[in-house]
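Next, two complexes with subunit A in common: one pairs it with subunit B, the other with subunit C.
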Partner chain A sequence: MTLTLDILLSGLVLGGMYALIALGLTLQYGIARIMNLSYGEFLVAAAFGALFLFTGMAINPILGLLLIVPASFAANWLLYRIVLTPLVKRAKNQGMLEVDSILGTFGVLFVIQGLMQVVFGGALQSYSYLSVPVHILGTTLAANRILALVFALIVGGALYVLLTRTRYGTALRAIAVNPVAAQLSGIDIAAASGLAFAAGGAIVGAGGVLISMFLTFSAASGVIFTMKALIVVIMGGVGNMMGALVAGLLLGIAETAVARLVDPGLTIAVTYALFLGALLWRPTGLFGRPAR
Partner chain B sequence: MMTTKRTCLTALAVAAVSAAFAFGAPAQAQDTIKIGWAISKTGPFAAGAAVTTLPNYQVWVKDVNDAGGINVGGKKMKVEVIEYDDRSNSEEMIKAVERLATQDKVDFILPPWSTGMNLAAAPIFNKLGYPHLAVTANTNQSPALSKRWPNMTFWLGLPSQLVDGIVETFGKMQKEGKIGNKIAMIAVADQFGIEQSTAAREGLKKAGFELVYDKSYPFGSQDMQPVLKDAQAANPDVLIAFSYPPDTFAITDTMKVLAFNPKAVYLGVGTAFPGYKGKFQANAEGVMGVGGSDANLPGIKAYIAHHKDVIGREPDRWASPITYASLQVLQQAIERVGKIDRAAIINEINTGSFETIIGKVKLEGGQNVNVWTVGQWQGNDFFGIAPTAKAGAKAPIDKPKW
Partner chain C sequence: MIEISAISAFYGKHCALDGVSLNVGRGELVVILGANGAGKTTLLKAIGGLVPVAPGGRIAMAGRDLTGVPAHDIVAAGVALVPEGRGIFGEMTVRENLLLGAFPARARAAETRNLDLVLSLFPRLNERLRQTVRTMSGGEQQMVAIGRALMTAPDILLLDEPSLGLSPIMCKELFQSLARIRDAGLGIMLVEQNAKQSLKIADRGYLIESGRIVGAGTGVALSADPAVQRAYLGAG
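== the complex of A and B ==
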């Protein structure tokens, strides 16, 4: 019983991190319809930002959020307006936009990575913040990881409510389902998509700051985060906030359970097995509706 | 119209000539020694190369040029650098090395970073006839490789030596009654982790230790809580981890949070990084890891301070000082031969005896075997504690609780 509880809580905390990473991408991919391969780079850039503020200017990462989240929002909005809008305009259909945006953001990935290499160097970076034990129901967890989980739950929940219960949210979902029809109903697609993309950027910025408290990263680590986020997004159903949240948490619990009960060497295998299972049996994701 | 054109051309020619003088273009071919390297400045290997290898190349080149250059047959020749980024890709690296030799016509080529890259580079270095100082390569095959490619030299000792050091250290501590015989061992599931843990399993069992927990975790994993919780439940006297830098940091962090306090802790690559001490401060005290240096050697002391001045941070305490020492060996070999005769210089590197910051270096069969295998953070330095017979070896201290 204590072991089950231990696995559950540790798994939730790990899964919270996965969900946090994935929430921004599901906004960008699901609503703005941009498959952003440079997503992980924005996460690492935010992590570097937090590191710089903390070690260089003694501003703690929580306060750093106030600076980095708006900056990341603005950077992503500009990216959408300047680099991606031409692609959106010229795309004849969803498939073409997907291919173009993958190629375009693949380039952006190297630009950001290169800039980070030049500014911060290639070395691994890490610092300590809130790395203190918290005891919950007999399980010991790190405070900084719990913070990431709580943040993921709040952001995921808030976005879910926003998208399903508000008028603007309904408009955003309309874009995700059928951009042409949405435009015909009087929705300003360009503005709304830009905003959704930038909001995804704000979330990835927050994710980068929170994750930098407990993970070691370097200018080259971005792609790992993009991969993980993509797995969670696809498992949860593209554009589905609740799906991303639940898929992230499930992955965390599954990995922890396999590590404790079977063998820690199998954690990556179980991730991909679940991913494969989702693709085979629920191709639209845990919460996705079959496409019509 | 014609005159104008000619005037223009003359002006251009004058400008070109004066520019050439202004920039000090070499009047003769050999006023400088051209040294090239292809190293990972981007991609997954960039982090390792940026800690251990590239800064030492930069410090060494600066030191040589500040001193007026390398003395080749009575003439001081400054070092000119040509650098390529191999993008952590062995094919790119090989192409760049070939380019350095055939197009840039460099006099010497410094090696790339990591075991894999150096093994990939070995045939081309040999074909081109350049000395190959494979400092960051660590494999049990190295004596055989040096036999096949005499230009290739190894500097970190054999992986089996590193394990011997671990067995020696903990065997001695057990005899002295400082620790019991229960060991928990975790290892990253890649070539490094598997090779090391296999050798350690055998050596520790032979020495009478009991492995109460023995698992591997996937490469790239930074979530150490599950592994460490089970290791903690096994209640070991010692935790040994054959880990890479990100996991080394994560293991320390998680052990601290879990209040997992075995009597001794040995962690893998990254323990000797200045960033480790920087991040964990007082908690680093007593943590053991691969490598080490004799911080009381005047050469090492000066080197650490100098590295900090030039690069802005301290060097790691495993392969960094050895990398710098290998370059000192190269320089002394060039000076002794007195001309750019690469075959003679390779021979001198293999047979000569050299004074360096890590003390006297004398290769045996292309191997630098006189190395620290286990180090421990004691105060502000990561001292070598094994092999115990090596001059300057410190006695291990008890690890305080996190």
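== the complex of A and C ==
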């Protein structure tokens, strides 16, 4: 019983992180139409940022969010403006932009990863912030994990409200649904895409800071997070926020269960098994529409 | 109101539109008749900023040059396009679709008034504000599409085959609504295959063939023209 609860709680925390970073990827892929392979590098860069602020300047990660999230927003906006806008402009269709952006951001991945290797080295990193046990329903969970989950909920919830309750947020969703009709409603797609891409960057920055509070990471960890975010997005249905939440939590709980009950080395295998299962059962995602 | 002079458009080397000139005034309903592939859709897309206009042509709205202006700024200048295939947000609700129409700055002040106008024009939408548009019938989706365009507070409304796929009854209702919109003072440019019904409500019309204007006249004159009757009205 305690073990089940333990797995559920730890899985919920991990799954909450996956859901959060998947939301950011949905913004970048669903609205700006960029398949950003360097997405996880921004997560790791944010984690290093949090590590540096905490160990070097004694700024706790929660305060660190206030610095790192805007920085990640700005960095992603610049990436979109400088590197990706030329690709958007020359792309004749959606397929061409997809191929170009995958190749382009694949290069960006190595640049950022290389820079982080040079600055921080290749070793696994972690720091200890609020790693005191908290007793919940007969089991224990580190305080930093609970805090991370709470902040993931706040960031994800705020994004949800912005996207569904404000005029500009509705306009962003409209671009994902029908870009031509969005233009015809007077929405400046180029400007909005840059903003959505940057907002996705802000989300992954927040995810990186929160994850760094309880997971070890290295300069090479980015790819894994990109893959997991991608899997959650596809499992949940592209552009579907509720789908990303459910798929993220499912993945987190499944990974935790396998790591505790069988072997931690199997988590990646479980990720892909779940992914494959979801795709075989519902190719357009758990909450996706059937393809026409 | 809107003046189009000598615009051409190309898809690669194929010339889809060849020096077309026409105009639509305030409170005027103008129908563009032509066969499939004559360039009707390209004409509307070029005016709406979705297809680039070749050098030499000019589009002006109340004297302001709109040639080469991006689509979202053309909406802001008061020209709204309802494209073929409707241009709506299928995954969103009727209310969201209509309020998205009020996104341009020019439309925000009059948002409530325009929403009332749209709902009085299409009362059926009033009961369905919370319904997802994708689940609605073709006629209802067309109402949403026209409603969304009206919410942008346009002076000129461009419609690409709005009657496509509608039942005869829906079609009749639609054309009555268009006449009412015109009577409210908007200029309407209507591209149609349904020549008979559209000429009935049209003030003027143009005939387009292979990307060129080959005839023009009042709605009444065109209806009586034997050539038009042969080509578009299915008479002897």
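One rule holds for everything that comes next: the second predicted complex is superposed on the first by the 267 of 292 C-alpha atoms of A that agree within 3 Å, B and C clash if a C-alpha of one lies under 4 Å from a C-alpha of the other, contacts with A are read in each partner's own complex, and residues count from 1 in each chain.
What we mean here is this: a residue touches a chain if its C-beta (ideal position, glycine included) is under 8 Å from a C-beta of that chain, and two chains touch if they have at least 3 such contacts.
Note that this is a predicted model, so its numbers are computed, not measured.
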Which of subunit B and subunit C A:22 touches, first, second, both or neither: neither
First (subunit B), second (subunit C), both or neither touched by A:121: first
Which superposed partner A:264 touches (first subunit B, second subunit C, both, neither): first
Touching partner for A:184 - first (subunit B), second (subunit C), both, neither: second
First, second, both or neither for A:170, with subunit B first and subunit C second: second
Touching both subunit B and subunit C, residues of subunit A: none
Residue ranges of subunit C touching subunit A (in the complex, touch as defined): 48-50, 70-72, 75-76, 80-83, 87-92, 96, 99-101, 103-104, 107, 148-149, 152
Parts of subunit A lying in touch with subunit C, wherever the complex brings them together: 167, 170-171, 173-174, 177-178, 180-189, 289
Residues of subunit A touching subunit B in the complex: 6-7, 10, 14, 113-114, 117, 121-128, 131-133, 140-142, 214-220, 224, 255-256, 259-260, 263-265, 267-268
Parts of subunit B lying in touch with subunit A, wherever the complex brings them together: 40-44, 46-47, 49-51, 88, 186, 189, 215-218, 220-223, 225-227, 229-230, 245-246, 249-250, 253-254, 256-259, 270, 273, 275, 279-280
